Amino acid sequence: MRLNYSHTLEQIAGMIDAKYVGDPGFVVSGFNEIHKVEPGDLTFVDHPKYYDKALKSEASTILINKEVDCPEGKALIFSDDPFRDYVFLTRQFRTFESAQSMISGSAAIGEGTVIQPGVFIGNQVNIGKNCIVHANVSVYDHSIIGDNVILHSGTVIGADAFYFKRRSDYWDKLESVGRAIIEDDVEIGACCTIDKGVSGDTVIGQGTKLDNHIQIGHDTVIGKNCLFAAQVGIAGCVIVEDDVILWGQVGVQKDLTIGKGAIVLGQSGIAKSIAGGKTYFGSPVQEAKDKMRELALLKRLPKIIEML
Amino acid sequence: MRLNYSHTLEQIAGMIDAKYVGDPGFVVSGFNEIHKVEPGDLTFVDHPKYYDKALKSEASTILINKEVDCPEGKALIFSDDPFRDYVFLTRQFRTFESAQSMISGSAAIGEGTVIQPGVFIGNQVNIGKNCIVHANVSVYDHSIIGDNVILHSGTVIGADAFYFKRRSDYWDKLESVGRAIIEDDVEIGACCTIDKGVSGDTVIGQGTKLDNHIQIGHDTVIGKNCLFAAQVGIAGCVIVEDDVILWGQVGVQKDLTIGKGAIVLGQSGIAKSIAGGKTYFGSPVQEAKDKMRELALLKRLPKIIEML
Amino acid sequence: MRLNYSHTLEQIAGMIDAKYVGDPGFVVSGFNEIHKVEPGDLTFVDHPKYYDKALKSEASTILINKEVDCPEGKALIFSDDPFRDYVFLTRQFRTFESAQSMISGSAAIGEGTVIQPGVFIGNQVNIGKNCIVHANVSVYDHSIIGDNVILHSGTVIGADAFYFKRRSDYWDKLESVGRAIIEDDVEIGACCTIDKGVSGDTVIGQGTKLDNHIQIGHDTVIGKNCLFAAQVGIAGCVIVEDDVILWGQVGVQKDLTIGKGAIVLGQSGIAKSIAGGKTYFGSPVQEAKDKMRELALLKRLPKIIEML
C-alpha cells in the first residue's frame, strides 16, 4: 500500500509509542508485507526465522521484535508485537468504510461501460471503458478495473485476503489494505473471487480469461493471456507467468511460480514452482508424460507381480 | 426444530389422520431427523435397517411404517409413508415465507453491525453486534449470527439441505426446517454456502475462519478456531472438532468426525472419521507420511521392477 | 440458435460481403456450432481437420475458409476467417442488451412463482409456475425455466460460454447466442452456474437436483432425475444421461457422455465417456472396484517388494 503522502519515522513510531533507530525525518512512503516490499516501505517481522529476510529486503523501515543492528540506509522500529502494531498502523491509513448505495459516489466508471442491476461498486473503485459488469457482481473499495473487461454475475472482486496469525487461542487477522487490479480485455466468469492484496496488489493480467467459480488469492499476480477453466483455485502470493493454461479444478498452493506457457491438466495439485513450456498432471503434479507412465504401470502391476 | 409450544401426541397424529400408541396427552416438543434427536422429539423411520436405531434413540415419538412394540416411556405413530408424513408435519410448523424487502422487518440486527448494499436478510434472522455483512450476501430465514462476524460478498447462509429420498421415478425432498448458526468472531469468505440443518442446526464454531467458495452441508457442526482454505467442501452431518485445519479443495463425506487439531493437506478426500492431532493427505486420505512414502515408492517402481 | 424468421443465403452472405455457392434463395433458419447442428443451420469450420465433419453434418450452410465442392442439397459461404464472420453474423441476431431494472419488462413469470428480493431476471426470460427464486439469483437473457423449479441464492443461470479461439496474441471470444433451459421440478443449490449454450441450449433435465457450487458448461445436456453433490464441475458439450449420480467435487471434461444410471464417487475425474449402470472412482476414473483393488495393492507394495 502506497501512502497518499509520506510520513516520517518519528510520526509512525509515535503512533504506536515505540522506540526506533534512524533519522527521525526518515521517510516512510508505504506499508507492505514482506512478500511485496519496495524501497520506502515499512514491513514487519516477528519470527527469528525471517529476521534476515526482512532486514535484507527492499523495505526501508522494519518493525521488529528484537533489538538488532540497523542495516545501513534503513530504520528500525521496535515492538513487542509487530503483527499487532502493523495491523494498527495500516488501519490508520485505510479502513473499511460502509457504503450507502449500490454504486459509491466516489467510484469512477468509464464511457461505454454497462453496469447491470444489483451490482455493488465500492468506494474509490475505478472502472475503465466499454466493460460489462453483469448483475449482482460485487466490487470492493479501491479495486481497479481496466477497459473492455467483462465480469459475470455473482463474481466478487477485492474481498479480504485470507491471512491470519495463530495466537494461543484465536486467529488474528492481518488487515488487507492492498487492491485487486483487473487489467484490460480480461473476462471473469460467474461466481469467481479475486481477493485484494494484503498490502500489495492482486493482478489479473491483460487478456486473461477465467471460467466460473475460480479463486485467486491475495497478492497473486497472473500474467497476460492466461486461460483458467472452472473451479481452479490459486492461493496467495503466487506468480503465474503469461500464456499459462490451467484446466478445471486445478489447485495451486501459495508462494510459488508457474512458468510461461505451462499447461496443467484437470484436478492437478501444484505445491512447488513449475517450469514453463511443459504439460503437467497429478496431485502433487508431475510432468504429464511421467504421470501417465506411472498410472499405466500401476494398472499393469498385478500382472507384473504375478509373473515374478 | 423446537416447537414454539408443545403439542400432544393426539394433535400430531390427528394432523396426518394416523393411528398411534401412547397417552393422547404425551408431549411432542420438537421434530428431528434421526441424526439429531433429543428427548421430546418426534422422528421418523421408514427402513427396517434403522428401526432399532430410531426406537432406541433419544426421540420420544417415532413415526414408523411397521406396527412394532412401543418402547417404555415413548409413543409411536403409524404411517404407510413416514417420510411423506414427516415432511407434511414439519411444514405445518415452519414453511417458506416470501420476503418483501431486502431486510425483513422481523430480523434483529445488533448495534455497530454494518449491512452493505444488496444484502438480503430473511425473516426472523438474528444478527449480533459489530458484524460486517458485505454486499450481495444472502441470509435465509431463521439464521442466527453472533457478534463480530464478517460475511463476505456472495455468501449464502441457511439455504436448504441437499437431502432427497429416492422414489421410483423422482427425488422426494425432505423439507429443511433447521437453522444455520454462525458463532461469534467467525469470518466467512466470498461465495461460501452454509446450508441450514434439515431439522437440527448447522453450526460454525466461535473463531473459525473460512476462505472463499466453501461448502458446509446441513447439520454439520464445526468446532472453534478451525481454518479452512478455499474450495473446501463438507457434506452433511459431519462433526469437525476444534482447531482443525483443512487446506484448499479438501472434500469431506457425510456422517463422520474429524478429530481435534487434525491437519488435512490440499485436495485430500475424507471418507471415514479421522483421529485428531495428525496430518493427512490423499484421496482417500491416509496419514501424510504414509502417503508421501507411497508416492515416493511409486516413482521408484520402474527401477525396482527392472532390477528384479 | 433458431432465427425468428428465416433469411436467404444471399442475405446472409451479403452481411459479410462474401462469395457463396448455392441458390441465392436457399434458406438459413438458424446458427449453430458444429456440435449442435440441425438441418437449416449455418455452421462454420476453419480447420482442415474438421472440414469433412462440417460438410457431412446436418448443417445446410457451411461457412468455410477453403473453396471445396459443395455437397448436394447444401450451400457454402467462403470467408478468410470463418470464426470472425460467424461471430459477426450471430451478433446481428442476438446481442447483449443492458437491463434497466432487476426484473426485465420482457420477462414472463408464471402463476404462483415467488421471486425473492435482489433477484435479476433478464430480457425475454420465461419462468414457469410455482417456482421459488431465492434472493440474489441472476438469470441472464433468454433463459427458460420450467414449473416447480427452486433456484437458491447466488446462483447464475445463462452466463456466457467459456469458449475462446487462440489467436497469435490474444483469445478471441465466440459470442454465446444459445440458451440455458431448466426443466420442471429441478432444484439448483446456492452459488451454482449454468452457462448458456454457444449456439444451442444447455439443458438441466426434469427432476434433476443439484447441490451448491456446481458448474455446468455450455451446451451440456443433463438428463432427468440426476443428482449432483456440491462442487461438481462439468465442462461444455457433455451429455449426462438420466439417473446419473455424481458425488462431491467430481470433474467432467468436455465432449463426452456419461451413461444412464452411472454413479461416480467423490473427487473423480472423467476424461472419456463412461458406460451407464456402473460405479466409478479415481482421476482419471476407473470402475470403482478396480480402483479400490489398485489402491489396496499400492498399500501392500512395500511388503511385496521386501518379500522378493
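Letters A, B and C mark the chains in the order given here, with residues in each chain numbered from 1 onward.
What we mean here is this: a residue touches a chain if its C-beta (ideal position, glycine included) is under 8 Å from a C-beta of that chain, and two chains touch if they have at least 3 such contacts.
Just so we're clear, the structure is a prediction, and the values are computed from it rather than from any experiment.
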item	value
Category of the chain touch graph - line, ring, star, complete, other	complete
Chain copies touching (chain A, chain B) - same or different residues, decided at half shared	different
Inter-centroid spacing, chain B versus chain A (mean Cα positions, whole Å)	32
Contacts with two or more other chains, residues of chain B listed in rising order	118, 136, 154, 191, 213, 231, 249, 267, 283, 298, 301, 308
Chain C partner contacts - residues on chain B that touch it in the complex	96, 98-102, 118, 120, 122, 136, 138, 140, 154-156, 159-160, 162, 164, 169-171, 173, 191-193, 195, 213, 215, 217, 231, 233, 235, 249, 251, 253, 267, 269, 271, 283-284, 293-294, 297-298, 301, 304, 308
In the complex with chain B, residue positions of chain C that touch it	114, 116-118, 132, 134-136, 150, 152-154, 185, 187, 189-191, 207, 209, 211-213, 225, 227, 229-231, 247-249, 266-267, 283, 295, 298-299, 301-302, 305, 308
